[in-house]
């Protein structure tokens, strides 16, 4: 493991950092242009907007996924009939390529094709649901579709944690007369802390790497309303053939993420050391 | 004469749809007939296909030939010395004489030929539904910008979507380039794209282009943002929309729906007889290798791909026009024949933006445009952003 | 204050029928101790009363109402789990107060009750700790605390003091008794500690194999065990048993094991004994008197010092007989003579093992 | 067979210094019982010997080798966890044989040893069950079984019999003693059961607050406690304490609490007592003789029946004095006269609480 | 509380029928079914689209049932669709996908489990630093790492080979797998590990005999993640697998991702659903491994 970490991750990180201070286009070059790429990056309105979008999207997506995933897990855990079918239903979006499902979402959300049209045909003439073509709301449709895709995984993850909780605790809670929802909120949820933190990290990774959904649903649009950093990086990496700028963007992105995640991680480690388990 | 051992050539490209597959088969057959063995590596998505090619070059497992757009996309690879040239094929095939200048400008670098062009696409055709036109009581194709606006107004009045539009960045760019070439004129077009003339960007003429472009937004429907181009085409096919400005590949959608150019739908490349014809296209490059067999295969490929027979057969399937005039036109549709005719007039040829600017600058300009199109930006703001993008993306 | 009345209860766990056809009537306000060998179903019975196991048969009545299918929270019970089942993410104080907070008890009332419980259980300095940072005994006390802060009608304790030191245990035993008096609540208490059982119980139920063998006052159970199982299960060391037969002679009845003929005419036989009936005689160690004029003799095989007293193990023709002696003057080896106190004997039928 | 020698041990758990400067020398083959109040650090000490806690200070020597930093598996120990720590996915048989399988013991040898342990622990019918399907006592027995199937040099038992019924506990106590003799292994055994402690221990260590208060034979600890803590910690009911002062008179020494002047001249003082020294006199309940000619009188406040004996609580001028009486002839109420056996007294310095 | 006074009055039994439909249970089902319906809407659209002829799709009646249902798109997607010269639908890469996914999944789960186990229980020196670095690596877009990885693999002659692509998947899966297992093990009672060490268990013995059997729920989650990710991966397969091992998703991508060619939505949908059948089957079958109370009875207190 140590070897892979050093070679694959640290190595490529250093490599990326090196490329980010060169003028490389398709291929890495040995020259050194200082922080030129970074300056350019921070003059780029789209990049700045991407970061902003990422922040909004990230908060909404992670929260929504955790809430929905937890609710699904908690409800499925009630020894319901057809558990296998339900679990599969909630998970299936995760199995499908966003290239296709994103398109379907695009259709469904499209005011001329999807929900809005159906509702209007049903007689609700004033019904409006056109977020996907609306500058200000398009980002939320990405949240909607990606939550649809990822909350099943959160559900599975939390379910595996839920199933590990000792039945005796449930009994104790029943004796104490604690309503089921309260047990989940006050006892189970804190005990799921490790699983939740796993889910959080996975979701954070998904946030940072968000790309497919945007491409399939809005292509970053309308305008640049749904641009995200990964798409920026990918655009410059491939289509726009400028790996210098793409590398600089990756480094900035990574530093940003670290600035957000590291304190959380640190807090958690401290909590573990304090015996929270 | 066929060699004892067929010349194997792996060819990487992004032509994967049904129509495209049929077209590439023409090339493969031609190559195989010429004594080669075509090994196909199709990867959908231009960017993905190119990425895979570049990585395979890096990993030392390059294909014999790889598709690129006829543009500056492969410039860096040439500069790195990673491509073989096909100078002897070019000399033999007299490329200098038969190929359009716009294409030559892209594939000839420092006097060497680094790519074999295979087709010419015109990315800014105007397709319209004859039924829709009839319904809006429009008799003629518009011959000026103003007539075009009037046409759109009539379509709107008839309760149709005047302009079938897909609100994706690249589609916006296509429409803008069309407006740019038609309203601004080729000179301004070249000044901005080729010469990176900031003054031209700040000129009233360019402002006028921006204003005209923005005017079109009123003729699109609310469902446009994010829509795929073919969904927009479907609007025209099903006569719900009047006109779509799109590349000639859109013809594939029409014919898939059983429509015929001239009968069910019409096409015109611009307004009036002098309208510029924007040239784009695809070309194959040949990654560097020392293996003599592969080099031989590369040369054979370059020869076959640019040969009249293969060109005719390919273009007919692909919907594009051949790179050379001396081919059999019988299989081409009406629009392609129209295009080919226009191409004879060198003054109407106009290279598309990608041939003139680096991919990253092109992208940056797309970003500026999409902002302008979608937000309440003033033309001045867009001019300023254009200028900034040019400065930032020139090293 | 509520009675608990169990009728014909059957409990199935997995493939095992753990409890079958069990009847138990606990009066309101009574303190009942459950005793029985490991795995006999004590915890299962408590859990069933609490409503944590589904009854396969029978009914459970609490406070005069049929609660067989009622939810645990509606039964007015509090339970100390044998395995503690503390909420691992809550500190001691939260563990104890959680149920109260849910029930909407006023804040200061909660604080008062928790403080009292913490005081009684000597948990004061630990209120801020999580269960993972406590010793075994400390966890057990938290488990007790969680139950006693509540004002239940019926308290169920599953070996609540097993992991505490003798001193603390004595103290808590007294506190629990006190609590019982104060609240007037019904208590059902599982323990393996016979001193605990004897001192706490109003009545004691001895279980075996998912069934109740005897349910009576501690004294009655100790002195007059219903059957051989109860006789041998209680007391440490256990009751001495001598196997023999009953003989009638001259209108008197004798127990004869071949070496010893004991006149048991005064024994309160439930039914007149049959001549020659196979029979087992039981006598508690403290009822074996080691004295020079004793009619029996045995060689001393082991002397166990128990602090306050000693246990002498005597070999009586192959049967080990234990005797409790007070002073150290007792023989440390060699042979000793002893007598059995005739008014303290128990006789059991050899076949049915029931008391005669 | 290995000695265990602990020098100046310090253990830190979280923010708590649980053990500090602890010394303990266990001889090879010795049976040592650890006693102490809940939370005093017994489990922590065992875990440290086993190598499960990192020593913050000091050293641990096992079998003559410094093992302070050795891996648990290299220490030649077996441990019964207070919390059992059974492998939940393995059945009883697998739980017990896991260590042996790891050690590469031959199959039939494993089977033999597991069968023996299962037999001794009465787990035979449960070998195929998973821990989750066992009762509390059954789990505890599996935990014991897992340790005793191994041939360790040092066995560490952490309250191994706490959840077993008295009968089984007596049986197992004997079995463990037997095992100890057979294997000749060193055993360190935590218990709260004083009978267990007394009967099993070669020597006993009494702990408090992470330090050892006294380490001696059971009898010595019971009869001659080193300090007030040890004196009160052992025995149930605990030692009776009378607060007074030592007075010299006529070359004799008297203990005087204001009501009673006891001649303690014969007491083996370690240092000659000072006149008027504040002092606490301790006497065990069984050394309080209730007899008509006793010099002290008290009113009987409570009589506890304990099965084999009774405890009389006597009010002696505001101090509760417990006395153990054998026969029921003892007074059930009213007043009683009693005497303290002079050869069984303990005297402690009032200030230092150390034995005089 | 004057219970005594009420004792004479016969109190009604407090009854709650077990297994029956209480309002709470009903609520559970209502929630679950509603959620399921919401989740299923896109699948419904995909399914109906996949059985409509293109002419019907162009009409834009998204939710309408097909007027002239046809299975041709499915047939085409599975075995006849042309992507370039090859006209064998997506089935061509099926076995390649299997051979890439199986070892990649098994290896990455195994390595993640061992890493997580080592990090949670053995805590070797410097491990947390390594782990932090690994987690950082998870946030770097894989695409940025392509170039150096290609160079590295080419240097060790694993580029364009099955072991190469497996290695790449293992590397990319390592951060999340390690995280997953590490946090799962953190929730297990440490005492168990201690007991096993007393029993003389070494690193591997404890891992295989104790930890692994207790890991079934998390292994299932890991398998769900890895099978899905690897099975659906397209870019890495394209770049690293070499032309002989191209996974099925390359074909899928070729079918659904054309930029300028005509798009057959019905075939696209059919192909997408077909491709996802393998992960879906896993999801469905995974149920029995989501066992309850895996650590029941292990520790007291």
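Letters A, B, C, D and E mark the chains in the order given here, with residues in each chain numbered from 1 onward.
Rule of thumb we're sticking to: a contact is a pair of C-beta atoms (placed from the backbone, for glycine too) under 8 Å apart; a residue touches a chain by one contact, two chains touch by 3 or more.
Note that the structure is a prediction, hence the values are computed from the model and not measured.
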{"item": "Set of chains adjacent to subunit A and to subunit D", "value": "C, E"}
{"item": "Chain occupying the middle, per Cα centroid", "value": "E"}
{"item": "Chain pair, most C-beta pairs within the contact cut-off", "value": "A-E"}
{"item": "Centre-of-Cα separation between subunit E and subunit C, whole angstrom", "value": "54"}
{"item": "Where subunit D and subunit E are represented by their mean Cα positions, the distance between them in whole Å", "value": "55"}
{"item": "Between subunit A and subunit C, centroid-to-centroid distance (C-alpha), Å", "value": "59"}
{"item": "Whole-Å gap separating subunit A and subunit B, where each centre is the average of the chain's CA atoms", "value": "36"}
{"item": "For subunit A, residues contacting two or more additional chains", "value": "103, 112-113, 166, 191, 237-238, 275, 277"}
{"item": "For subunit D, residues that touch 2 or more chains besides their own", "value": "14, 82-83, 133-134, 136"}
{"item": "Subunit E, residues touching no fewer than two other chains", "value": "60, 147, 234, 253, 256-257, 293-296, 300-301"}
{"item": "Partner subunit B, residues of subunit E touching it in the complex", "value": "54-55, 57-60, 81-87, 146-147, 150-151, 153-154, 159-160, 234-235, 238-239, 242-243, 250, 253-264"}
{"item": "Subunit D partner contacts - residues on subunit C that touch it in the complex", "value": "13-14, 16, 35-39, 43-44, 82-83, 133-138, 141, 158-159, 162-170, 192-195, 198-199, 218-219, 222, 232-238, 284-286, 304-309, 324, 326"}
{"item": "Residue numbers on subunit B that touch subunit E, as the complex places them", "value": "10, 13-22, 24-25, 28, 38-46, 48, 51-52, 55-56, 58-61, 228, 230, 234, 237-238, 247, 249, 252-253, 256-257"}
{"item": "Subunit C to subunit E touching residues, read off their complex", "value": "1-2, 28, 54, 63-71, 74-75, 82-84, 86, 131, 136, 139-140"}
{"item": "Residue ranges of subunit D touching subunit E (in the complex, touch as defined)", "value": "47, 50-52, 71-73, 77-79, 81-90, 98-99, 102-103, 130-134, 136, 139, 146, 150"}
